[in-house]
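Below are structures written as structure tokens.
Presented sequentially are two complexes of chain A, the first with chain B as partner and the second with chain C.
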Partner chain A sequence: MEKEVLIEKINTVLSEEFEVDAAEFTPDADIKETLQLDSLSLVDMVALIDAEFGVKIKGTELVQVKTFGALYDFVHERM
Partner chain B sequence: MQKRVVITGMGIYSCLGKTLDEVRDSLYTGKSGIVFDPERKELGFRSALTAKLEIPDLKKELSRSQRVYMPEQAKYAYCATVDALRDAKLDQDFLNKNDVGLIYGNDSSTVPVMEACDKIREKRDTTLCGSGAIFQSMNSTVTMNLGCIFKLRGINLSISAACASGSHAIGLGAMFIQNGLQDIIVCGGAQEVNPFAVGSFDGISAFSTRESDPTKASRPFDRDRDGLVPGGGAATVIIESYESAVRRGAHIYGEILSYGFSSNGDHISSPNVDGPTKSLLMAIQRAGISVDEIGYVNAHATSTLVGDTNEAKAIYNVLGDRRIEVTSTKSQTGHEMWMAGASEVIYSMLMMKNDFIAGNINFENPDENSARLLIPNKTITKHFDTFLSNSFGFGGTNSTLIIRNL
Partner chain C sequence: MTQKPLLEGSELFKLIPQRAPIVMVDTFCDANDLGAETGLNITADNIFCQDGLLREPGIIEHIAQSAAAFAGYKPYTQGEEPKLGFIGEVKKCKIARLPRVGEQLRTKLSVVGEAAGVTLIAAEVFSADSSIATCQMKIFIKND
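So, the complex of A and B:
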């Protein structure tokens, strides 16, 4: 999948699930702050990415995936 | 000195309607909420009959972080509770400043359990169950969700007592208030309505297979019944000390005179006669009324042979040859199970406040036991001021409530 297409798809599923306008999803934006995730809903983001893209973010890898840009890269590299 | 307990608010999400007015009209006109569900046939059910109910879309009312922990029955309970609180004129400001309790009946949450187990077996990774699964899976899911959404700070308790859950919830709530431990409690019962919730119940041949005529399938007390029809939704009643209701200037529907209860200590699925009789007699004795004061009996009768038969015997043991109307609203709703004890208090209250008794639809031919009871099969006009509501459940748990008009 082309990265631009992937980014759009990630933005769409995150926006629908967490009910936040995708316009706020800039590459440098903090995912937890933007999506207002707490420790519980962070689990839902991991489950969503696995369900939609078949990519598992392990607990130890979450520290690397703080921004939307990092998430796009993480998923793109593993698809 | 025990406090008097009154009902000051009611809300319901039922196959007979989503407002009290809709439900009143459905009761009056003898509407059936039962349909044929093709999905159940595809899943291999003996019976595809069920009450029909839509899962409410609460996206506009609740945030994602509130909704994600709610299985379907918690959504029904939320809708019923919003309406009941509004009916009782209890706003969020009041709930924030007073210790309001919550006691609700619920005895299953099948779909979240099933989906989480499927996910674990498929993915071998528990994280992928998502954050909502644990909170949706527990029997206490309704009270944990409602307690957080409405910010309730009194007693918070789920009652799992099979098909008597909703009735016991109201009875136990009344005891908290009688003893001065709470002024106001949100009580009720909720029941999920999905095939998986009742698949194993279907498997023990408990359900009617009269699929060619769904609205005729639930026929409590009728000689030609062939099993129950599962239903569900949620019903909420606001119960309150009389003093609190008067102090607030609340509208009072009626007074909970008593709560009778018993356990059969017998068979797991077949009810007996002695246990229910004991529950009925206890309720009458605790109410301090004579049997002649009862104007209507809302029976538990689910449309199963052994259940209806033994309840008819128990009711006859107590009423004798008195001409007191007995009906089962399950003829219209199917068996609302964990919800039934609460919804049937609302159904009976709506009849009492509107001077009618909804006919026990589909009661065409009595058997030898139901013939000894006065069971109208069409709606009748009648003023009455006291009703008795029975709820019985698997394992032999029995609950009886007696409520008086105010």
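So, the complex of A and C:
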């Protein structure tokens, strides 16, 4: 999948699930702050990425995936 | 049940803190790291039954205790005491119908995701071969 298409799909599913305007999803934006994720809802994003793209983000890898840019790269590299 | 239970009846007290009359799981089987299967025979004296039907809180309690049993099973197999766990959230709960007294519930649990010490579990409750309820629960296990 082309990376631009993937980014658009990731933004769409995250926007729909967490009800945040995808225009806020800039590569440098912090995912937890932008999606207003707390310690309980972080697992929702992990489960969503797994369900939609078949990519598992392990707990140890989660610390690397802080921004949307990092998330796009992470998913793209593992698809 | 698809196979012989790993634990049943009072053996399940090793996995869950509830005791009669609020025990809502009577069999536990088919467990691995990704999920498990539980069961409950709905009896007339079940405190969540009314007019011969297991009411919505009873179904949700059954799922919650199933999730608790699943969370406690791995420490149990390692010879440890089950850790204190909390249900953090119940979401996407859909109940198609209320089961009757005498029906045997069979509930399949699967891990949907894990992050920051929180496990998201999906549950589907069956009676015979028909699905009667689905929901997701978040479980947080308190580590020492």
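Everything below uses one rule, namely that the second predicted complex is superposed on the first by the 79 of 79 C-alpha atoms of A that agree within 3 Å, B and C clash if a C-alpha of one lies under 4 Å from a C-alpha of the other, contacts with A are read in each partner's own complex, and residues count from 1 in each chain.
As a working rule, a contact is a pair of C-beta atoms (placed from the backbone, for glycine too) under 8 Å apart; a residue touches a chain by one contact, two chains touch by 3 or more.
Owing to the predicted nature of the structure, the values given are computational and were not obtained by experimental measurement.
**Q** Which partner does A:62 reach: the first (chain B), the second (chain C), both, or neither?
**A** A:62 sits against chain C, while chain B stays out of touch.
**Q** According to the stated criteria, A:6 is in contact with first (chain B), second (chain C), both, or neither; which is it?
**A** The answer is neither, since A:6 touches no partner chain.
**Q** Where does A:29 make contact in the superposed view: on chain B (first), on chain C (second), on both, or on neither?
**A** After superposition on chain A, A:29 lies in contact with neither partner.
**Q** Considering only the touch criterion stated at the top, classify A:18 as touching first (chain B), second (chain C), both, or neither.
**A** first
**Q** A:70 contacts which: chain B (first), chain C (second), both, neither?
**A** neither
**Q** Identify the overlap between the chain B-contacting and the chain C-contacting residues of chain A.
**A** Touching chain B and chain C on chain A: residues 40, 43-44, 46-47, 50-51, 59.
**Q** Chain C touches which residues of chain A in the complex?
**A** Touching chain C: residues 39-40, 42-47, 50-51, 57, 59, 62 of chain A.
**Q** Quick one: in the complex, what on chain C touches chain A?
**A** Touch list, chain C to chain A: 88-89, 112-120, 138, 140.
**Q** What does chain B use to touch chain A in their complex?
**A** 59, 63-65, 68, 123, 125, 127-132
**Q** Give every residue of chain A touching chain B within the complex, in rising order.
**A** The touching residues are 17-19, 36, 38, 40-41, 43-44, 46-47, 50-51, 56, 59.
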